[in-house]
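Next up: some structures, all given as structure tokens.
Both complexes below contain chain A, partnered by chain B and then by chain C.
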Partner chain A sequence: MDKLFFDTNAPMADLDRVDGRAKVTGAAKYAAEYDLPGMTYGVLAGSNITKGTITAIDTKGAEKAPGVIAVITHLNAPKIPGYDEGTNPAKGQTGGKGLRIFNDNIIRFNGQPIALVIADTFERATYAASLIKAQYNKEAPHTDLVDAMKTDKPLEGQRYNEVVRGEKDAWKGAPVKIESTYIMPIHVHNPMELHATTVRWDGDDKVTVWEKTQGVKSTQQSVMQAFKLEEKNVQVNAQYVGGGFGAALRTWPHAIAALMGAKKTGKPLKLVLTRPQMFTLVGYRPEAIQKIAIGANTDGRLMGMMHEAAAITSTYEAFNEGLVKMTLQLYACANVTTKYNIYQLDVSTPTWMRGPGEATGSFPLECGLDELSYALKMDPIELRLRNYAETDPENGKPYSSKFLKEAYELGKDKIDWKRRNPEPKSMKDGEWQVGYGMSTGLFGAFRGQANLAAKLYADGTLLLQSAVSDSGPGTATAMVQIASDAMGIPANKIRFELGDSSLPPGPTQGGSSTTSTLGAAVSNACVTLKKKLAEAAKKSPVFGGDVAVESLDFSKGELSLKGDDSKRLSYGDVIKGAALSSIDVIENAVPNPAMQKYSAYSYSVHFVRVKVHPLTGVVRIDKIVTAADAGKIVSYKTAESQMIGGVVGGLGGALMEEGVIDHRYGRWVNNNLADYHVPVHADVPHIEAYFVNKPDPVLNPVGSKGMGEIALIGFAAAVANAIYHATGKRIRQLPITPDKILEANSI
Partner chain B sequence: MIPFDYARPATVGAAVASINKDATAQLIAGGTNLVDLMKRGVMSPQKLIDVTRLPLKEIKEANGIIRIGALALNSEVAENETIRKALPLLSQALNAGASAQIRNMATVGGNAMQRTRCPYFYDTVMPCNKRQPGTGCSALKGYNRMHAIFGASDKCIAVNPSDMCIALAALEATVIVAGAKGERRIPILDFHRLPGDNPAKDNNLQKGEMITAIEVPVNKAFAKNSLYQKIRDRASYAFALVSVAAALDIKGKTIQQARLAMGGVAHKPWRLTTAETFLKGKEATVANFQQAAALALKDAKSYGHNDFKLTLAPNTIVHTLKTLTGI
Partner chain C sequence: MTNEHEDDVLRAAHSRRSFLKRTTAAAAITLAPAALVKAAEDKLDEKGAEYFEKLPLQIEVNGKPYSLQVEPRVTLLDLLREQLHLTGSKKGCDYGQCGACTVHVDGQRVLSCLSLAVMQDGKKITTIEGLQNGDDLHPMQEAFIEHDGFQCGYCTPGQIMSAVACIREGHAKNDADIREYMSGNICRCGAYPNIVDAIKDVVKKGGVK
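Up next, the complex of A and B:
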């Protein structure tokens, strides 16, 4: 932990996570941990085929099994009123209709739920579900992107049109150029906490749901829409979420099934997905095959770029993400052409996964830049600086803030880049080959709308409330920190309540926007609180009548007159003096309209040092430095942890994560955590995370930008680039496992 | 998982009697593999015979032989002082296997009995001759990156997943089993089988037999010069792409005797006898190691995704011998 690079004017608090103790002691309760009187347990049985129709389904064995209360299939499923609408009750994707569970006999992907078994215990429901027998009219599965690119037409529409900025194919005329294809497999979110829904209906039109969700309000909306319920009659709780990474951004069909099942039996129901179901029922990062071409002048100035991506989606939804956008946004290059193709396969619908779009697109882009740097015999950082965008290359707008240069410098210094011999295959440590690599990550810095309630009590404590989820980054901690800094109230006297849809509507946690969006609401609420305190203080003899808020200092957790701090009054005394029990504020914070004149991005720069064993192809990452321009850092400890977590995710994507489907059957081969590898502790070296920590002056009053996505975006490219530097082998397919190192040709 | 009965016999005799009496009964010790197989519906015993309380945990040395009780935990054996001194290869191999949590549950007998991790064996929807004889081998033309390069058949190309057994193969251990007719001793290399036409059968244990102990002869020269090298996709908690157990008796620069076994390459621990014979009396040089490795790979055959093993296997043999001899 190095604090030298922090803006010394910024608060340097190291607040512990406010929910940390509850999480590590097991006191925190997650969606599957609510036990209601008379609870029943739902287990989903999945399709064994990938494509076709169910011709018969035998549920008798399951129905007769001990403890079974009900079995629901497409033949007897209660009608979901929202299914009749054109819109999707499990909304969230960008086109098509979400899977309408048990609505018809059509099988669209392997593992698609064909029955819900409800029993009095989880074990009995699990056993009974294994007795469901279906007969199918089977069709040949089509799940292979490589095949689809040969035989199918990609989807058409505005989102898939070729984008040409400047001159098309300009890269071809450049004196120095590269052209390569990069392949990234399916990545699966795999949060530790399995998706779970616990449901209790109170009559036909009122329901309480404990759900694993990144947005309690969006889940509430989905439930209202599916079952035609009033807002006040749908209560959604998600006080704790055990990781989401995007997989909990939408209300998935299993949640609808749980609601349906509990309604049918009239009993509370808990449904927890199995780990294999986590691979098929809650999305994944789509496989992508991407072509990149970059041409430059001999001085390294980019003359043209081309980025064409192909990715997969389901047959029933067109899932889109900004796969090729980063190539348009990151560098100052007049001539850029992009094309985004998606192919509809017999798979379940993908979804946003940490760094959605850019995490995939940055792999060819940032490896491509690296390839170009060697072709130019130019330092890869220097190449990036020569093409540094001072204004947004897409629209010429100025940036609300951009400190990417500072991040390059910071990271370069910390990894000790000057020790890197520019020649590939030139550095060794014993028999290990050593290499340095770097990359850039970019993600839009967003801000949405948030409502917040703040109550300052006479005992000096402050309560903040908003209907948001915290899927892990430490939202409550950051909000407490912002309020503590603004009001001068110690953090242990501030409580942030979330995860409850009856609270003032807050944003869904996605797109690295929560601190920006919600932090603005907290910041604004504190401004209003101060005004109200000043107003209430009029009644106190201390200030002798009217006192302007501007003439008061709040930094010590009390009102004191600037220039004469003998005149002071605690918040509690102001409140009591005004005969109030509390001062209340309801804040509705909306984006700054001034942002229309600006572009806003967060940036990361990843540096890695790798060792590669030439005989066995084993790769060890022995040093990682990540430097970020994420605006002002609100809460240092949670920010650092978030960067470290994202980097570990990036490391997994670079070296081991790969979702494998056997295309002969369209069926998953490695849908468990023994075969789908994520990093273990021994894979992860000490990770150094640094922040430029300069506030963005426009985006929000806090000065923060997003951080969750950039922690991962670009990381795989940094690793691949370091491996090239170590070995002279350019590996263009993830994950970079020993076999790929051994089979690749060296320069 | 299907409903099942459970019994906990008090003696080895009673345990053996239980599995002899009931064809659907299955012994369970640590359960680190069997419970997974039951959850996935791959194995469906109607009765579990829990042997964990039987007095078979002792590790003792007598007359140059170390006897390890079948119920000694993988972690206990790996950390045992006698084993670390006299059989460091075994200790290394055990520590290279699974995760700390699993090693704390898994027993030595159970380790030898664990089944392949071929994904097609684990998925009851897919064809698999080992799980359901006659349905075909899905791995043969499927995703076979982890699969065998030695001794496979067109019925099955799965590999034995054990690390422990690779070290035991190099050390020429003996498996002691108890059955209705009394005790039987099986050399470790005869314990596991090649798939041939009957891949459903992993080993030569007969119906109603259970492992009670494993005996390993002590060789002081090997104890000084042995190494288990496991190459895998992540640093820990992953099965071997290939592994090599090597032990050398070396005087000056001359190899008096070599023991080499490989994991991740066959349906059973794969002993490299041709390479061992070649190295006997040779100098420890990289060129000799390379030649030994090439001889070891002579009959290797790959199936597509595992083609890389034809390079990785000899490289790992050379790498292991280089590391071991400090060349």
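Up next, the complex of A and C:
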């Protein structure tokens, strides 16, 4: 543990994003923005049935269209060696096999690619793709979860077994109890950058891929597996990634199609999904119907909880996530029963989306707690404090750190909670009804393994390298900040290189773990660099051989002797004096084994004040305060932005986002950004984000915990709870649109 | 895209080529170059079509004049990104729903994905690459960095081009005004509050030229 990071809790100086200039000038290049000589364009044609088989496919029109170089369908697709031996080429999720594009004639979901058209321009490829003509043997589609819950059996297996902690059904005997069903529709990530793959083969066994990915090394692995290539022959580049939110965590079938197409034609190829294809080909957050029941003593102590969730997956993969876990983890409750069911429908496979599992599960749990607080006539924060877990209810382990109480206090103070009249439907502002609501979010604080190269040069600059990508949080900025503080080198003399699979292997950016995982590698590398600097300083007459690392200070790019700072030497002079061109470190940082004794979570507490118009049902979010225990805040400015961004995503889920499938045809209705509503400027008020900012002393040497997921988790519940407080109407189905408010009965 | 409507589409495609043959052989003979007529007769109609279907276009992009031949169906966005390799303007939806492709045409903000390139003949286009003055960033670019008005950066060029125009239009009087007139630019990372702060800061410091 480096003492440096624990000397102060004060936020460090705000560092502007190190890639800011590239992003505001248009110089930042994303996956579809590399111009290769002889570039060709690939466009996917999709099935317009939902289920069945292709009986005939006519590609003649497309093949004859101007500029067309090749058309690939299941009839002529080159064999992908990884398909044949059962290895999942696109990194299967938690069961089943990924869609093997153009491998057979079976249609599994509406919009499934049936052909790839390759032409010399984007326009010609797009036009030719419209000429693909298929005949199908059509079967009735089955895409409705409500129907499936009546007629189908959910998947069975260890992941879906009922979990009973303590006594089952204990909630039923409680003097105060609530029981409700909550519904959440499909949410779609919709990062602003369309998924894109640019491919160039150099011979049969060597390829370079520019890919929109949150995992540079995981994409490389997927390509290696699918095409049976050696690691050194697969180069993956992802210097800039235009948002992911989980949708770029896996290598999707369109990327395999692009690789296939470029291989067949021998020309470089660029394939960019259309916005409608972004709704079916790169995952989404599955629709879920969840029952929650909570029973408490009259003093508010939880006696028992039950959480049963039903969610959707595809027929070819069993995607699952920790939907009911938060109910087992958040509160001290001895008797909890959970059951997680997934139903296989004729849809494409869902995937992790920001706050995977908990974002869905927190909606019934945190609304349920709110319902219970009114039943008890108890302040909802007080109810949570009475059931505050001092150890992990799952396994009894102590927390490596937990500052949730501090987060409650911080948020409560900033939203001015004391102004809230506890009585629902009691507060007004002119003709608007006013309500306050709150909720808690939780997500495991994880740390993985990361490799990093650090090179300190004779000119005093520091280069850090790791094969990670940054879909937006500001990874390079945070890493530069950590190194700057550890080494005493100004941020503008440090460069962090990422997005290149030939660099030392870094983690995939997911599960709120990048700063924890990679930050540890940077921190450790700086410790090693200091030791090597001290070693190199032996050759300098300045210190007279007294160069134990403990007796030296490292700041402002200089080594100095503690207690006698007249003895000082710049890092550059140390390196030159030792006749070196640089000091190099390769760091492999692995999780702290001491963590086996602890549990670690990050927490958020969301507070909202809403105004609801009683005649129109319009909801205006008036004020948002979010307070987080995310460990030590490494880069304050980017951290604040990340929290705000998660809240905006949560606001979308609460009030507007809803993926709609017409179950008669199994076809998407609103697969574009005009019909699938995401928050725009006019929907988003000023948002206040606060951090407890206390380091976790065990998880990693930086003291940080994760942040990306908790920023969103629980937010929808806070909004629903505020709307209840304003109107007396409990809306249990997202999104909370005006029609639902107008139709609901008041208490 | 496939199935029932396909016959119509195929028929349309077929008749397009027949039309070209007919026009080159007869009515348009005075307009079409002789070589083109010969090409059509030699069944090189696709090559002919390629030539025939392009229109001349003179535009100025970021102060640089271009003399081009483009297909009428090419959007301004695709012309910028794929042919002029100015990839600062982004494609986020291709339907005019997200604002990532916003550029200035004769000083007005325009969605370049909804604008055909050939309709810009004689016009001056400014993209994000043309906003700065040499090495000096435009005040809006500076403000976006200072206020952290972005995360992934993909909507950023469109937000900045829109923000500059928003002030010029007189639509940045207060927070509500800014939010309303910036609502055509979606940011999925959720940087909206910081973008509003950046715009207010530029207004406070004297606006934009």
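Criterion: the second predicted complex is superposed on the first by the 734 of 747 C-alpha atoms of A that agree within 3 Å, B and C clash if a C-alpha of one lies under 4 Å from a C-alpha of the other, contacts with A are read in each partner's own complex, and residues count from 1 in each chain.
The criterion applied here is as follows: contacts are C-beta pairs under 8 Å (C-beta built on N, C-alpha and C of every residue); 3 or more make two chains touch, one makes a residue touch a chain.
Model, not experiment: these values are computed from the prediction.
**Student:** Kindly say whether there is room for both chain B and chain C on chain A in the superposition, answering fit or clash.
**Tutor:** They fit side by side.
**Student:** Touch check for A:M303: first (chain B), second (chain C), both, or neither?
**Tutor:** neither
**Student:** Once the structures are superposed on A, label A:A674 by its partner contacts, choosing first (chain B), second (chain C), both or neither.
**Tutor:** Both chain B and chain C are touched by A:A674.
**Student:** After the superposition on A, what does A:M656 contact: first (chain B), second (chain C), both or neither?
**Tutor:** After superposing on A, A:M656 lies in contact with chain B but is clear of chain C.
**Student:** Which angle, as a multiple of 10 degrees, do chain B and chain C span at the CA centre of chain A?
**Tutor:** 40
**Student:** Kindly classify A:P738 by the partners it touches after superposition: chain B alone (first), chain C alone (second), both, or neither?
**Tutor:** First partner only.
**Student:** So in the superposed three-chain picture, is A:V618 touching just chain B, just chain C, both, or none of them (first/second/both/neither)?
**Tutor:** First partner only.
**Student:** With both complexes superposed on chain A, which partner does A:R275 reach: first (chain B), second (chain C), both or neither?
**Tutor:** second
**Student:** For A:S641, using the defined touch cut-off, is the partner it touches chain B, chain C, both, or neither? Pick first, second, both or neither.
**Tutor:** second
**Student:** After the superposition on A, what does A:V585 contact: first (chain B), second (chain C), both or neither?
**Tutor:** neither
**Student:** With both structures placed on chain A, which of the two partners, chain B or chain C, ends up touching more residues of chain A?
**Tutor:** The larger set of chain A residues in touch belongs to C.
**Student:** Between chain B (first) and chain C (second), which does A:R664 come into contact with in this model arrangement: first, second, both, or neither?
**Tutor:** first
**Student:** Once both complexes sit on top of each other, what is the least C-alpha distance from chain B to chain C, rounded to whole angstrom?
**Tutor:** Across the overlay, chain B reaches chain C at a minimum of 5 Å between C-alpha atoms.
**Student:** Per the definitions at the top, what is the overlap between the chain A residues touching chain B and those touching chain C?
**Tutor:** Shared contact residues on chain A (touching chain B in one complex, chain C in the other): 48, 123, 127, 130, 674, 679-682.
**Student:** How about chain B: which of its residues touch chain A in the complex?
**Tutor:** By the definition above, chain B touches chain A via 1-3, 41, 99, 117, 119-120, 123, 125-126, 138, 141-143, 145, 231, 233-238, 241, 307-308, 311-312, 315-316, 318-319.
**Student:** Which chain C residues qualify as touching chain A in the complex?
**Tutor:** Contact set of chain C toward chain A: 1-3, 6, 9-10, 13, 46, 49-50, 71, 73-74, 78, 81-82, 85-95, 97-98, 100, 127-129, 131-132, 137, 141, 144-146, 148, 150-157, 160, 175, 178-180, 182-196.
**Student:** Which of the residues in chain A end up touching chain B in this complex?
**Tutor:** 48, 123, 126-127, 130, 613, 615-618, 620, 655-656, 660, 662, 664-665, 667, 669-670, 674-675, 677, 679-683, 735, 737-739, 742-743
**Student:** How about chain A: which of its residues touch chain C in the complex?
**Tutor:** 16-17, 19-30, 32-33, 35, 45-49, 61, 65-67, 114, 121-123, 127, 129-136, 189-194, 240-245, 272, 274-275, 471-474, 637-638, 640-642, 644-649, 672-674, 678-682, 684-687
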